[in-house]
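Each of the next two complexes has subunit A plus one more chain, namely subunit B in the first and subunit C in the second.
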Partner chain A sequence: MSFDWAAFFEYLPRLIAAAGVTLQVSLLSLALACLLAPILALAWLLGPAPLRVIVRAFIELIRGLPPLVVIAFCYFALPKLGVVLSGFWCGVLALGVVGAVYAAEIIRSAIESLGKGQFEAALALGFARWRAVLEILLPQALRRILPPLTNEFANLIKASSLLSVISVHEISQVGQSLIFETFVVIEILVQMAVLYLIIIGSVTLLSRRLERGLGA
Partner chain B sequence: MDPVFMGQVLVRLLPPLGLTMLVSLTALAIATPLGLALGALRAELSDKHPASRIIDAWVFFVRGTPILIQIFAIYFLLPKLGLQPPLFVMGVGALVLNSAGYQIEIGRAAVQSVPRGQWEAAAALGFDRHATLREFILPQAARRMVGPVMNELSQLIKASSVLSVITLFELHKAAEAISSANLRFSEVIVVEGFLYFVFIFGISLIASALERRLSAAGALAGAGSFAR
Partner chain C sequence: MTLLAARGLVKRFGSFTALDGVDLDLNRGERLVICGPSGSGKSTLIRCINRLEEPDAGTVVVEGIPTTDRQALRRKVGMVFQQFNLFPNLTARENIAVAPRKLLGLSRAEADARAEALLARVQLAGHADKLPSGLSGGQQQRVAIARALAMEPVLMLFDEPTSALDPEMIREVLDVMVELGQGGMSMIVVTHEMGFARRAADRIAFMDQGRIVAMAPPQQFFDAPPHPRLVRFLDNILGH
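Then we have the complex of A and B:
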């Protein structure tokens, strides 16, 4: 086993381009997750009983499925229901929903960890329930939410590798097809691993700094 | 939706479900003692120790790359080294590589979470470090590990679905094969999802019940996440 630097540099540009796709799909699904997660969490905490049951069931369902199954559902089953998305947007949708469910759990448990007293005090002062949550509890919970949330972002990036099965041209898909095309194994595997380590490592670093900075 | 077809799919997916459980449980049985022991060792060693550096590198690689890359590493590199084990062994190997990396952190956190005073009290009673670890620290740490380790099993079941990319016929690969052979995707995915959900949700119920029972002993909560 010798390391072929010529091959390494020959294929590097294609993998760097693929890393761009990995970043795009991860950031877009993070945006979708950040949009959906507070809605799910607030519906669980404040919604009327039937809505709470539905939201909880949905969260437990997604948490009980491998992300690969959610991705396959979006790609193969949604078209039957009339929703046709390209592989890329399908990936954004699947990862966004999975990410949202886990982020909703983080938000809910952070708000619940503040204790009932805060909520009761706000109600006693005449705040409406939703205003008490949005204006009193959520800002305090934010310190406990941000560090695990950046951690979830790292998980989203890892999960984006699964989109290779629906031929999104991200790092894993491009690397895998290059390996089968060229039989250059070690050099390409090293590139894939290093690119992920750089991306995920910087997100993890950010998460640690947030944890220290916010003192949570 | 055709209930008769779905019934047939359910029956055909039972053996692959067995393989999913077998590969996950085998990996857990190897990765748990390995990971927890290395984690306890890591808690004991200084950061500069050579063994610490190896353990840290393992954790860094496993947590910093998707499990797919770890599976590829095993699948493509072992043949380069002249080894050609069966797919099942490669699958277990990849899951062990991954899970032990995460459990090292569990073991380390559990040992470090035992209060410092316990060490000092044992030292005052004349126990050496080794005996203190064995008699006092590890039994307390073990209770704290129960929740996270149960949680690890459901993580492994989810992660084992990724072994479909190296054509191991576990639940996800089998469902994929059935759905593309019959060109009926939604029904197969619903059945597949049902099977995964029943097991993963069931395990998480047991895990949280155990966590509640042990919470008086300061059990660490299992942190679920969705991707490896």
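Then we have the complex of A and C:
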């Protein structure tokens, strides 16, 4: 069996377009996760007891489910509740929420590991509790948070392949249908792999940069 | 003249009563030392003053500050902890400048200038760029004092500020505190440094089992201890 370069270049543009969709879904869900995670972590750390229970239950629930189930829920169940989203935005929402709960857990445990002393010092200076966490403790926990967070975000990008089941035209969906259309298997799989590696690799690289920027 | 008035403070932890009805007044510019055996409620008392602990009963009024606004209260009441509690990712300068910048709206340049001036005041000019890990315990505690002063408090609380220090570093911290008191700062200092109390305090309070059981100026406190349990306490810590 030989590698068919003609086929490789014929289908490459369609997969690159799909990679654009994967990138968009990933970045948007990443942004959503970055927005939601600190809010969830703050609610877990500082919220009144009933809110803490609800937030913890929500986080445990999402963490306990395969991402595919969360995606399917957003796509098939949300419309029954009156929330109709396109496949694309469903994907962003589902992956964003999944990413957020994992990130929230990472943030919470890093902040708790800092101990009470610095938190109290910030309070004694006059910081409100949430500002003490966000402005004093979080920057300090960042170096501990970033490596596991990068892992989670890489997982998030991989999980975007699951959006093929709700017909989002991302890399996996387009690759799969091309394979079934054309029976060109290896060339397309190689393209898919390379494109995923490029996207995940850049995110990882970026975060290593950030880590180094935060100092040794 | 009265700066601080605490009335009927009660604090319970579960079924244990840590503060059992404490009244305390402090005049502007006054320096009060609090001593007493371990577990007598000293920390709890000063933590109720800036509401790091919420008392179960009683009131604390610091002149001119509404008691309902904890943040406003804490901005006007500085606190120094036994374990320094500096922010380890920030340099000495940033430790001091961060609160004025974020809470008082000072520009970075203004806050840095304030930090530098305070570092000089606690004899640490030239250490501004060091991280806490690069400073000795005594130096860290002086940075912590400067950090609290940066908010321009009307009252400073100290909770055993020298207990975590090696003996040779105690002096440098106490000297800064004496100077602060001489400069007119109102202070409440929990400490067992009786030399400091004699040198710097206007009054000394003795706590036992959640109450202030004796309070007197230093002379009388040491020479004619006004309570039998205080006599025993002084015998113990002065090693008679």
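Methods note: the second predicted complex is superposed on the first by the 200 of 216 C-alpha atoms of A that agree within 3 Å, B and C clash if a C-alpha of one lies under 4 Å from a C-alpha of the other, contacts with A are read in each partner's own complex, and residues count from 1 in each chain.
One rule holds in what follows: contacts are C-beta pairs under 8 Å (C-beta built on N, C-alpha and C of every residue); 3 or more make two chains touch, one makes a residue touch a chain.
Keep in mind that what you see is a predicted model, and the values were worked out from it rather than measured.
Q: In the overlay, answer first, second, both or neither for which of subunit B and subunit C A:140 touches.
A: It touches subunit C, and subunit B stays clear.
Q: By the touch definition at the top of the document, which applies to A:118: first (subunit B), second (subunit C), both, or neither?
A: Second partner only, subunit C.
Q: Looking at A:73, would you say it contacts subunit B, subunit C, both, or neither? Reply first, second, both or neither.
A: first
Q: In the superposed arrangement, which partner chain does A:197 touch: subunit B (first), subunit C (second), both, or neither?
A: It touches subunit B, and subunit C stays clear.
Q: Using the touch definition from the top, say if A:165 reaches subunit B (first), subunit C (second), both or neither.
A: Only subunit B; A:165 stays clear of subunit C.
Q: Between subunit B and subunit C, which makes contact with more of the residues in subunit A?
A: Touching more of subunit A: B.
Q: With touch defined as at the start, can you tell me which subunit A residues reach subunit B in the complex?
A: 1, 60-61, 63-69, 72-73, 76-77, 80-81, 98-99, 101-102, 105, 151-152, 155-162, 164-165, 172, 175-176, 179, 185-186, 189, 192-193, 196-197, 200-201, 204
Q: Quick check: in the complex, which residue numbers of subunit B touch subunit A?
A: Touch list, subunit B to subunit A: 60-61, 63-69, 72-73, 76-77, 80-81, 157-162, 164-165, 172, 176, 179, 185-186, 189-190, 192-193, 196-197, 200-201, 204, 224-228.
Q: In the complex, go through subunit A and note every residue touching subunit C.
A: Touch list, subunit A to subunit C: 117-118, 120-128, 131, 135-136, 139-140.
Q: Okay, in this complex, where on subunit C does subunit A touch?
A: Touch residues, subunit C against subunit A: 50, 52, 71-72, 74-75, 77-79, 81, 83, 85-89, 98-99, 102-103, 144, 147-148, 151.
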